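What follows is a pair of complexes built around subunit A, which joins subunit B in one and subunit C in the other.
Coming up: the complex of A and B.
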């Protein structure tokens, strides 16, 4: 079975406002706010950690959810975020962007 | 403003987060616009390292929208280094520029860095008028070329047109130009006094007749009757409302590190060279004072017919001498829109009448002159 890798689209703008992640699309300036699961995906989307590992380490530990179901839901969510060009998806690890590298937990204010 | 952006801005206000900051990178400029409020000398701009550090602090404080402006931002040799840093911190970056230095290569780089929008000042579709305002021959052509380069990269471009006596008949031409190029266009009749308090450039502002014409132009305002309707008196909620976002969710930082509530509100609240940005934002007594003012606290405005709908700018009021006072330019706008003078205009008229009566009394003393003759 192929694995899915996610990277943050470097063209979006992002900031956490009191724990609520705001993302502005680089395509058309549409603003999104992410729910808790989507925020975890966003924060974990480093291009090198496969989705199943993220689900296993961060989603199943956070929510009481069966791993297969969690992975299916996470993949649906990741594809939806990709359709808005918030995430990039690939079946291969995604190298860091050359001009604006997304940093770990990008867009989070402290 | 979109519903979600409005919601996020309101949340930022509740949490006292500086959601939206304008950072001027320089006051130096390659144009000499006749209405400009800035002194274009360099009095010690922040260094590259200082600005990057400030951006780090802003990201930490929760700033989301970062507008980079000036002066002319492209005169900073480190401009792209700073822009890259800002985008690495994932700010929603907006640029304000005259675009004279933007060619194909710069436009492509701006696109690659994910800039949200680029605002460019265009004062007329006629070179003799635009260049007569910027005082730079050929500047209209160069700015328009840049708009086309940016558009060809798929970037969002906004033309900003300041209305003044020199170009008051040209705004339909600028709008047509914007439409032809497929870019947005804004029109603003506000002239800002010089930052040192000099108000002489206010003479460039358009007269009442032109303002009335603009406010009844359906291409600009939609339903002119609705836009110019006599406003309902301000209710309880309006009297409790805050005047604008300055100091509430927005602030301005000068090239020298000074923090003000807004670019048009030069009340010094601190300097990021001496204090952390977030400490100035949260703890400056002056910022707190600005934040505390409600419509009901103003000196003249609460009783004004226009209180509920006026665009009163507290910064312009401050530049007139009292941040709790009226802003005469906004009184003029309300009057032009509705035909009803503001409370401030009526008070000034009363004061002038009183002064005239006093003069008449002095004249009656001419008897003294005849006695002494």
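Coming up: the complex of A and C.
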């Protein structure tokens, strides 16, 4: 079974405020407010940790959910975030250089 | 031998909004008069000195204008291009020079100026905001909201001791640890130019019409979301979008943001100032 890797798109701007993660598309200025699960995916999207590990370590421990179902839902959510160009997805680890530009600000949390 | 060319007189004036002087040049005296009238209170002598930007205006026949066309603001190799059906402008920040091709109307240059100010402010932590604003007791207050939210109404209800900065688009500039609001000539339904003065911003109110006058705190995340929803930004530019996004969060971390519910009654101003 192939694994899925996620990286933050450096072309979006992100801020966490009062526990809410807000993301703005650099392309068309659309504003997204992420729910808890999407926030976990965003925060964990380092390009090297596979999605199933993130689900196992972060989502199954946070929510009472069955691992297979949690992985399926997380993958659906990750693909939705990717469709909005918030995340980059790959079946291979994503090299850091492709997420460098703007990363310090994009990942900034205040 | 008769002269083959004649020198065309170049007429200029400076439109200074938010302490940013923009000099415009035209060869048409009637258009210069139109600009002088349109930006009354914001026009200074072109002899005044260095301008932040110099725009050459070329007037074209109105048959070429398509006011329905979509606005596009793009940058390529340090040169901005601003296009709408009724104008095409180019601006190169490095040389501080630009050109505007438009019909002889005040609306096209008004749009160009708004866009250029948003681009300049984006790099400086400031922005233009869909909001009315006024100065009272030396402090500026912003009243944000979409169309019909009450910007014109709150402006119309302002008491004599309040100085109106705008009933439609506020000019916000970051300065030291706070923010300054400047008057703008950008008007809404009130069709009254703001005063060309400025003051430190004391509060941003998100307008809501209701059965009583009251001020309620709102959570920071909602404040940021509402501010972002009311920002004017036109450019297809990832770097500036990110800069403006972060500026909005900086603003709500330093300026109190509340919801102002009001009835259309002058007593609402008893809560302000």
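Just so it is clear, the second predicted complex is superposed on the first by the 97 of 110 C-alpha atoms of A that agree within 3 Å, B and C clash if a C-alpha of one lies under 4 Å from a C-alpha of the other, contacts with A are read in each partner's own complex, and residues count from 1 in each chain.
Note that a residue touches a chain if its C-beta (ideal position, glycine included) is under 8 Å from a C-beta of that chain, and two chains touch if they have at least 3 such contacts.
Every value quoted in this text rests on a predicted model; they were computed, and no experiment measured them.
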So in the superposed three-chain picture, is A:26 touching just subunit B, just subunit C, both, or none of them (first/second/both/neither)? both
Tell me the contact category for A:82 with respect to subunit B and subunit C: first, second, both or neither. neither
First, second, both or neither for A:13, with subunit B first and subunit C second: both
Subunit B and subunit C footprints on subunit A meet at residues 11-13, 15, 17-18, 20, 22, 24, 26, 29, 31, 33, 102, 106, 110
Which residues of subunit A touch subunit C once you look at their complex with the stated criterion? 11-13, 15, 17-20, 22, 24-29, 31, 33, 102, 105-106, 108, 110
State the interface residues of subunit A toward subunit B in the complex, per the touch definition above. 10-18, 20, 22, 24, 26, 29-33, 99-103, 106-107, 109-110
Residue positions on subunit B within touch of subunit A in the complex are 2, 4-5, 8, 11-12, 15, 17, 19, 59-64, 84, 87-88, 90-93, 112-114, 116-117, 156
So in the complex, which bits of subunit C are touching subunit A? 219-221, 224-225, 228-229, 233, 236, 238-239, 241-242, 245-246, 249, 252-253
